[in-house]
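Letters A, B, C and D name the chains as they come in the text, with residue numbers starting at 1 for each one.
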Amino acid sequence: KEMTVREALNSALDEEMSADPKVFLMGEEVGEYQGAYKITKGLLEKYGPERVLDTPITEAGFTGIGVGAAYYGLRPVVEFMTFNFSMQAIDHIINSAAKMNYMSAGNISVPIVFRGPNGAAAGVSSQHSQCYGAWYAHVPGLKVLSPYSSEDARGLLKAAIRDPDPVVFLENEILYGQSFPISDEVLDSSFCLPIGKAKIEREGKDVTITAFSKMVGYALQAAEVLSKEGISAEVINLRSLRPLDRAAINASVRKTTRLVTVEEGFPQHGIGAEICASVVEESFEYLDAPVERIAGADVPMPYAANLERLAVPQVDNIVNAVKRACFRSVPVAAAA
Amino acid sequence: KEMTVREALNSALDEEMSADPKVFLMGEEVGEYQGAYKITKGLLEKYGPERVLDTPITEAGFTGIGVGAAYYGLRPVVEFMTFNFSMQAIDHIINSAAKMNYMSAGNISVPIVFRGPNGAAAGVSSQHSQCYGAWYAHVPGLKVLSPYSSEDARGLLKAAIRDPDPVVFLENEILYGQSFPISDEVLDSSFCLPIGKAKIEREGKDVTITAFSKMVGYALQAAEVLSKEGISAEVINLRSLRPLDRAAINASVRKTTRLVTVEEGFPQHGIGAEICASVVEESFEYLDAPVERIAGADVPMPYAANLERLAVPQVDNIVNAVKRACFRSVPVAAAA
Amino acid sequence: GPTFTVETSVPFVGHRCEPPSREVETTAKELMGFFRDMSLMRRMEIAADALYKAKLIRGFCHLYDGQEAVAVGMEAAITRKDAIITAYRDHCIFLSRGGNLVETFAELMGRRAGCSNGKGGSMHFYKKEGGFFGGHGIVGAQVPLGCGLAFAQKYLREETVTFAMYGDGAANQGQLFEALNISALWDLPAILICENNHYGMGTAEWRAAKSPAYYKRGDYVPGLKVDGMDAFAVKQACKFAKEHALKNGPIILEMDTYRYHGHSMSDPGSTYRTRDEISNVRQERDPIERVRKLILLHDLASVAELKDIEKEIRKEVDNAIAEAKESPLPDPSELFTDIFVKGCGTEVYGVERKENKILI
Amino acid sequence: GPTFTVETSVPFVGHRCEPPSREVETTAKELMGFFRDMSLMRRMEIAADALYKAKLIRGFCHLYDGQEAVAVGMEAAITRKDAIITAYRDHCIFLSRGGNLVETFAELMGRRAGCSNGKGGSMHFYKKEGGFFGGHGIVGAQVPLGCGLAFAQKYLREETVTFAMYGDGAANQGQLFEALNISALWDLPAILICENNHYGMGTAEWRAAKSPAYYKRGDYVPGLKVDGMDAFAVKQACKFAKEHALKNGPIILEMDTYRYHGHSMSDPGSTYRTRDEISNVRQERDPIERVRKLILLHDLASVAELKDIEKEIRKEVDNAIAEAKESPLPDPSELFTDIFVKGCGTEVYGVERKENKILI
């Protein structure tokens, strides 16, 4: 059986709405338009306009309203058409949601999910391509999830909605239409994944590759290429950026002794930087080679197809990085 | 001769306003009130209400206006009463300012400075204590500076105002009243520091400590303590968080072979994580010990004095971390 | 006791609505209650000022003295099932929602017995069970949050309303207009209370707002201008607004009020306004004196009895401070509690991450 | 040529201002120019649609056909020293500010000859030397930016104004209200142009705004409702607004207009509105047909001559596309240019940071 990520997200929303009347959806075009990317398709019809709310294009206002509703005990799922627009509302995510349970000493909790596509899509240029993974994962009080497969999408979104704390849920537009095999267990409405746990997508012994979201697929492709050249790569799908599953990452690196981190976002203070620091802190003596970071180029996203391709990791880049980490020779890159 | 950081910032603003009629100041209470923290004292009187503009408490609106004025060729200096409130305007800092020169292929540049106190002050709790260093330094197109001493404050602020690109300038409230010795050269109105260059505040040979802003002072105090115990610490004042002076950091670590990073902000995807990754990438084989990260506790800032003290680095913590990096024995920490 | 009516100091001014009558029903008990509650608030804030000067309170500390009539008048019109949310100037609202003095002073001093266990401080008081949702440090942010509370009340069909309080400075914040539009579209039972104390920090209202007629700033949303120094006007307006909101959605009440103290403790409060202005308000419009006069007029208590009540309150406050001082600082382990409701079994790090971490 | 007058389609409706006359002065040259310019815009957008479907344009692509009268009417009222800033629906404004077809198509296809060297794409056209400041992808953000341009114009005592354009959807954004308040306080020569095409993506105006009378949404700021399908009404309103703004500060012009295409290329544009609605607008209010009729009425050209102009335009567009297609993709080294005006002599990293970095 197969299921697209879009269907996985849609079914997770559907099931959680049907299980808990306190769950409701809000955001731009989530209702009558069926979602800008059709993630909420059919839900207005099924649950009515009281539980699927089309908002004006006013992120600060509707996000604040969502957080307030969560203070009161509802379980809002707030869609950002893309996470780029979450910057308009970021004060509510950080100051109103993330810090609330702490500064009220538990008096007011905030069971809310902020979700939507994050990071680069195709040809949408500088203002519509940013990955907010590292920013949100920087902030205590938030849980930050990023699914890759349909299994992830279902299990993590259901976990996020059931969770009593604020969750930032970072999807990827390009993955929405991608199909993944899916088991009966995952299709069961009780299915749920733990927050804070990574998944070993592929076992290996020579090198560890960490990735999240779309880059997990690239890492798996790279591992396939590498296996043909006799390098056995272990691919970790992070799933949760905060809490980060340091135990799983370090266990893997202690086994493989080499680490390549992969992400589409900007490198400085990125996901890879933290993973590198965590491994240096906890497993320094196991490391047999410098950690290799593969990340988005440290530039705003260009529009032109050739530049855009250069600005985000390709499978080849991962293969090259692994080879460097394994001290194999790498083809010389084109001069920049 | 001595000068407080407040006087240093004030004199830098004054000199640059007097040198270039396109420089103007805007922000909440910068004029008649003389600045919430008195950084802009006397400037309204000297330059008049056309160049020192009190704004309503509407950060998105006035920051957008500042950025627009910079598009047109003026040189705005926008004060955030504290950087916590920059979140209300962060879309303009990132999407309108940082990315503009790139996505317009140089047609529209953005000579603007965003400045104000950043990070923890005393007793101001969760919503008023965040360090935005790592967030802003994550984003290409921005230059991010953070002064420690009065020399830094003068030289970097003058550099920021003269620079043709958007600069985020992160000050520290607690340092405002602190005095530093200051030379005639630094007092000269032509004085300016380079952007992207760190300063070795203290030379040493056993361990490198990186820090910025208030933590530079703590690192220097720790170095003093350590010298009495026979450990010679080199203290790097980062000054520039983006571009980060990777050359200076790596050169120092190659000499000392040990690294302790210090910051007040949240650890995950923080400044220390990036520095660690940079050193692992460029100087792995020189490292004789795991990198030690000292950072703010990974929790929202609590109000109570004892908890607050536990939530931000103290000189002792730095001393302990250095000893661990140098494989000296460390007193056992109180159980958490 | 028997009810009688008092007249509000000045007529209400309506915007897109017919204002309520100036005749307000009350009882002796209510009048005496107003006197007591406002006097207690006043005394509490004065004591906080002293504690701050004694360095027992740190950071920001925004006092409410002068504005007490808004708190008590509002509370008199509603129930604890109605919700209130405000900004950082929150001590007295906390009290009006059932919070006590010891929780207040302990929080201000960062002690374990504080309403947020000492973790929130002056700006972060909450009492969900009393319908009080804070206490917010970010100017204007509480307005959409309040509209969200109203959304939940409507969603749950509770027939209750939310009062979202903000200052004249906050009234220019864009998110307020966004939330108001949504509230109007969705008919949310949200009442926006603009406490116009005429200054946002050092900025006079007219320097921050082209149109400082805050009750009209909702444009297409009805509004009412209210003498916020008159607890009865406040009560009347809040009753009116609650009825309106349940039937027709949002409404704005502008409370014309005044803060006697500076903005926060570092502001002497005298550089941007004259001492004359302040003492005139104290003499002509003080909310407690207004109620005292009404009590004497209606012969509900004597001058001496009222003085006695004030003395009692003074003692009450002193005792609460003493008790709060007895409360210890939070246990150091509290650094790591309340980050999440539900931990994930992963490590959380302190400053020295190698030494100082726990599993939550 | 001699001037004559035409009457606007409908009267203006004023808010806090006396609207200008319906009689608009024009010349044969201007009328013919309007016809030519709008026809060129129309043809350019239709061609962009085809290029998108041929996969030569990627990502978002927001077309302006239907709204051309706003661009040409505005341009007719002002000079290139006046500034314009708009949102992502920016191709035609770029053209009206002196941009050319090759720069447009090359940018849309991500080629070197594009106005942003292929780095910006559809939403990011700029021409500072023509007074055009973009091209912005974030809904509403261009309004404060535009007020900032107006601030600079006033600061430099240029006696010029800025037109900040936004949609009906954007009109609810809080930052607009913040910027308007500041502009009003500071008397900035800022003209807010709300292009009300009645939908923000799939949301009809009344579903997004409690008060869709956008010319009144400035509340205390004057406004004018204008038929945005009538280039002469737009011209008259913009002249009026420029004079007003230089004397009195900000003003809002609501342009009643319509987009024929869907929101962007992925939106068929037909699920949330009827085909009847669209074809009615085309038949009754099309801005080009309106000008065609006026030309014929005043005997300035024959039906055949106008057809010839359209044919010529078609060729011009085809040639420009051919030329744009000749333009190569940007050089890969462009990945690292324009990050800063002034580099710091430090390394900038590509995806494979060990291999792919340069000093800037």
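Assume a residue touches a chain if its C-beta (ideal position, glycine included) is under 8 Å from a C-beta of that chain, and two chains touch if they have at least 3 such contacts.
Listed by chain with UniProt protein names: C, D = Pyruvate dehydrogenase E1 component subunit alpha.
If you're wondering where the values come from, they're calculated on a predicted model, not measured in any experiment.
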item: Chains touching both chain A and chain C, listed by label; value: B, D
item: Chain whose mean Cα position lies farthest from chain B; value: D
item: Cα-centroid distance, chain B relative to chain C, in whole angstrom; value: 36
item: Between chain B and chain D, centroid-to-centroid distance (C-alpha), Å; value: 40
item: Length of the line joining the C-alpha centres of chain C and chain D, rounded to whole Å; value: 46
item: Separation of mean Cα positions, chain B and chain A [Å, integer]; value: 30
item: Residues within chain D bordering two or more other chains; value: 116, 119-120, 124, 136-138, 172-175, 177-178, 181, 185, 207-209, 339, 348, 353-354
item: For chain A, residues that touch 2 or more chains besides their own; value: 56, 58, 60-61, 84, 88, 91, 95, 102-103, 125-127, 140-141, 244, 281, 292-293, 298-300, 302-303
item: Graph class of chain-chain contacts, one of line, ring, star, complete, other; value: complete
item: Chain C-facing residues of chain A, complex; value: 24, 50, 53, 55-56, 58, 60-74, 91-92, 95-96, 101-109, 111, 140-141, 143, 163-165, 194-197, 240, 243-247, 281
item: Chain A - residues contacting chain D, complex; value: 28-29, 32-33, 36, 54, 56-58, 60-61, 84-85, 88, 121-128, 267, 292-300, 302-307, 310-314, 317, 320-321, 324, 330, 332-334, 336
item: Chain A - residues contacting chain B, complex; value: 60, 84, 87-88, 90-91, 94-95, 98-99, 102-103, 125-127, 130, 134-135, 137-141, 242, 244, 266, 268-274, 276-277, 280-281, 284-285, 287, 289-293, 298-300, 302-303
item: In the complex with chain B, residue positions of chain C that touch it; value: 58-60, 110-111, 116, 118-124, 136-140, 169-170, 172-174, 200-203, 207-209, 271-272, 329-330, 332-336, 339, 348-358
item: Touching residues (chain side chain C, partner chain A) in the complex; value: 83, 85, 115-117, 119-120, 124, 126-128, 133-138, 141, 143-153, 155-156, 174-175, 177-179, 181-183, 185-186, 337-342, 344-348, 353-354
